[in-house]
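Shared between the two complexes below is chain A, which pairs with chain B and chain C, respectively.
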Partner chain A sequence: MSALGRGRGAALAGEALETAAAWLLGVLWLLPLLFAIWTAFHPSAYVAHFSPFAPLTLQNFVAAWNAAPFARYFLNTTMLVTGVLAAQFVLCTLAAFAFARFEFRGRDTLFMLILVQLMVAPDILLLENYLTIKAIGLVDTVPAIALPYLASAFGIFLLRQTFKAIPKDFEEAARVEGCSTLGVLWRVYIPLGKPVYLAYGLVLVSFHWNNFVWPLIITNSVETRPLTVGLSIFASPDQGIDWAIICAATLMTSGPLLVAFLLFQRQFVQSFLRTGIR
Partner chain B sequence: MAQVALDAVTKSWTEVPAVKSVSFVVPEGQLVAILGPSGCGKSTLLRLIAGLEEPTSGRIEIAGRDVTGLPPSERRIAMVFQSYALFPHLSVAENIVFGLKVRRVGRAEREQRLAKVADIVELAPYLDRKPAQLSGGQRQRVALARAIIAEQPVCLMDEPLSNLDAQLRHEMRVEIRALQQRLGMTMVYVTHDQTEAMTMADTVILMKGGSIEQLGPPAALYERPETTFVASFVGAPPMNLVPDGDVTRGIRPEHVRLGPGGAGDVARRGTVASVEYLGADTIVSVSQGEHGRIAARLAGATTLKTGDMLDLHWSPAQESLFDRAGRRIARRTPELAV
Partner chain C sequence: MTGIRNTVHAWLLVLPACVLLATFTHIPIVTTFIQSLYSTAKPRRPARFVGLENYEAMLADPIFWKSLWNNLIYAGVSVPISVALAIVMALFVNGKLRGRGFLRLAYFTPTVLPMIAVANIWLFFYNPQYGLVDQFLKPFGISGVNWLGSQDTALWCLIVVAIWKEAGFFMIFYLAALQQISPDLREAASIEGAGRWTFFWRVTFPLLMPTTLFVLVNAVINAFRLVDHIFVMTAGGPDNATSVLLFQIYIVGFKFFDQAYAATLTIVLLALLALLAIGQFLLADKRVHYQ
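Coming up: the complex of A and B.
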């Protein structure tokens, strides 16, 4: 009885500890965001001075919007992300379908090569990519930012696994019902892979929305800079550091992404759980 | 007119062919069952007809056209899969009209045909549901509806009832057969369940090791098995095979009688090894030592117990005789000549 009680006590204590640790990590992770929100909505005087009754203001956002061409940056980032998303969906889907459902010479070797590419750190390729883009004459253009990312080894791998897990009966039924090869892909494989596309799309969008080093290197002008680069220039010392305005700009640029994640988070987590279980 | 005709169709992946030079024809409006144990090549044969596999050699005709090199979509067939292969992302209605949509049949005609078919398979109240929300029997009906709505000359069925429980299987058996006859469909039906084959088919093709063992109406397979394999596969319990010198005597359990028998009868003696009471009749299995067992079907219940000594006999007129290779020997008993 007492041993049982002790065991339960220990279990309860363990659970409490886990909960506390989860809260601690959560708060630590949230702290910068909370600071940014606090700072962005209050006058500069309250940046390092916490007072619950400080006056709220939207002036920082107005100031930030007027201080730099954020509208242009938004446009550039949106073009970049939609372009990469569309290209990767098309190219990775076709490649994954070929790897998952066709027999051809050298298929496995080719697939291994693609997997090997996953192990190459992207930063190593910065210089080489720059030289290639320069040779094509595309330096300082939006397509130049997108070009190295139009196909993705991760995307091919993920979709191939998804397609392979779809029972072959579905494909055969569709073929008997009159579908061509591409018809089967369009009517069976892609619709059945929808949750995976959603998760993959979200990861892709957030990655390219946040991508910084490569756009920083390849762009030089307002017309091509994406948000991340624009923001960093905006926040650099030569603008004079006003934390309130910088935080407002940061919230503004990451806002759409945050909203997207909040909207899709359930489907997002579920689909990754499911791909894991398979 | 033959709706399906196979001529010396062979399929091999390795040295050993999965289907060995198979030929048969399916007349219009008939249901032909391809029966056999697992691994006999019956599913491969159906996939060859469907065009999901390519034959190594031979010729396949459907509705009077040579379709040997054509893809499944151009063979004018409908198919019901063992797993039903219902698309989980589509509703029942969308699943049923899937093929019509692919083949660009107009919306008005689609709706009209859907309403008709949904009525036939009694699915009208479920058209908006997803397959996951249906019972096993209902899913089977959706698969059936998808095959019917295509109005193709030939319908292929790959063990369509194997995922249903016994009760439902019986109902669907009757229903599919009724539907097939009412709509005049030509059907090739693969099964490993002899009850399905015997009760539904006009013609049964029994396969073994990739070739046809016997082809004929169900009664012919039951009454005049061409080989010992057919004799031991068809019937529950199967035909008794009693070795006797150079020949094997085959006798159905219902033709075995109790008692020593009279002149001209074949007689055997043994001990009762098991008694199976089935309600309407009882199967008594009599051990012959090293000569195996003989099953006898007795009407109603019996007082016999395991271990009882028992005399059995039967009339040679009801026997099938097989040679050493297991092939049927033409009967030479005098009483037939009378």
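Coming up: the complex of A and C.
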């Protein structure tokens, strides 16, 4: 065998090894989800007894759905996520536009101050934020869950970068056509920023769908609790543990997000790559 | 468009966001500090200025030290491992592997699942009687270990969950960075006879440095923030073996209702984050000389 041939053989073996390692890691990473799916669709008698002949059932989902007001939790989470999404898009767009395209006194200082929120997220200031919400009388309401997150340094930073990358000629052309300042933002900047809005929106939705500690503190009734808090109460040890039902509830609460992610998977990863969030 | 009018317009645009950010981030930072210098108000005893008494009490509190130490282990172990795994994952799915689309999905899935939900599943994994970890280790003669109930193992169990949750998220950033690296470099290196290992350490890794810095900073911030699974899996126990700073702040503030002490602990957390910010600034500054 020539040296070249041996080299190729080693390279092939290396590649096979790499593929195997990559797949092993992939399976390991999916294991909890696969396990939850298996458990949720089989009767509780088969929990941790993996048999290919175990009968399939939807009973666990029915039981979970009836055991706690999940419909209401879904509604609460949907309201929360939509509200935060809408508010952040509007507020962060306006602020980012000002930072990207206006010269004004105090701009750089103000921007630095805003970036503080990248380090100190509202989740860390639990107590003071609770007191603020209490002072304005909003404890145990859906808006209270959203309020600390309505403006986001990440959003402002990301959109400012996006707007800055858009050539000024576009704006000038629109101005010649007679666009006002806000008209330029609406007609030029926002349409060109669409892929970034998509990526940012997906990150935001998954963050707020999954957020737990702050909602846990600020809500204490069925009418306001989001899914995460509802699930944690439902699955707490003193409820008596039926793993099949808990897995069903777990899948149910993460289901919509998972489906959305599978549907938008390509756009999601692509827009992340394109926006170059790094 | 000039002068004052311009400035007024700009301020009107940034005002709503700034008011909200100030209300829920900047002002709370200041009031937390002030609160930490006062005693907790009780029904018959209003808060009074106590200077550094809360801090002295904190330094004498073993649970504080335990939580701080736990948090440092939690960050110190989970961050490097999840970042290293993220690089490996990104290299895997950036290559020409079979099924890389699927793998990308598999690695990334934990990121979109709610931590509170996956904590339930992991809770079951660690179950001493019929958990998956137990079933897997039984052939090796290890069985019946109460992983989450033992002081020696509980924190490590949580670290594993954190690594699993975070690595796929960081992978995305590395993938983005890898795709910016010119294929010419690869070619040039292979002409020079550099193997893949050499190429990675001499070319790829240095080029990924800015990404690594960004990811590291975010990973450390998350290591202080990500406490959801602790609520479900251990509630800080056994005997505070899995309590970290933010969890302890929650317990002190909302279970013991000791506002002043919770504020004091928050200041420690803020100080750690400030140190991180300074570190990032210095490192980023140094990096500039490379370019």
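Some points to look at:
Here is the rule we use: the second predicted complex is superposed on the first by the 255 of 278 C-alpha atoms of A that agree within 3 Å, B and C clash if a C-alpha of one lies under 4 Å from a C-alpha of the other, contacts with A are read in each partner's own complex, and residues count from 1 in each chain.
The rule we apply is simple: contacts are C-beta pairs under 8 Å (C-beta built on N, C-alpha and C of every residue); 3 or more make two chains touch, one makes a residue touch a chain.
Model, not experiment: these values are computed from the prediction.
When the two complexes are overlaid on chain A, chain B and chain C sit side by side with no clash. In the superposition on chain A, A:191 makes contact with chain B only, not with chain C.
In the superposition on chain A, A:56 makes contact with neither chain B nor chain C. When the shared chain is aligned, chain C comes close enough to touch A:257, but chain B does not. The wider contact with chain A, measured as residues touched, comes from C rather than the other of chain B and chain C. Of the two partner chains, chain B is the only one touched by A:180; chain C is not. Residue contacts after overlaying the shared chain place A:172 against chain B, while chain C stays out of touching range.
Closest approach of chain B to chain C, taken over C-alpha atoms in the A-based superposition, is 8 Å. Residue ranges of chain A in contact with chain C, taken from their complex: 14, 18-19, 21-23, 25-27, 29-33, 35-36, 39, 47-48, 91-92, 94-95, 97-99, 102-105, 107, 110, 113-114, 116-117, 119-132, 147-148, 150-151, 153, 156, 181, 206, 209-210, 212-213, 216-217, 227-228, 231-232, 235, 243, 246-247, 250, 253-254, 257-258, 261-262, 265, 269, 272-273, 276-278.
Residues 1, 6-7, 9-11, 13-14, 16-18, 20-21, 23-29, 31-32, 35, 85, 88-89, 92-93, 95, 97-100, 102-118, 120-122, 124-125, 130-132, 135, 164, 167-168, 172-173, 175-177, 179-180, 196, 210-211, 214, 221, 224-225, 227-228, 231-232, 246, 249-250, 253-254, 259, 262-263, 266, 269-270, 273-274, 276-277 of chain C are the ones touching chain A in the complex. Residues of chain B touching chain A in their complex: 50, 52, 71-73, 77-79, 81-83, 85, 87-89, 98-99, 102-103, 146, 150. Against chain B, in their complex, chain A makes its touches with residues 167, 169-170, 172-180, 183, 187-188, 191-192, 194.
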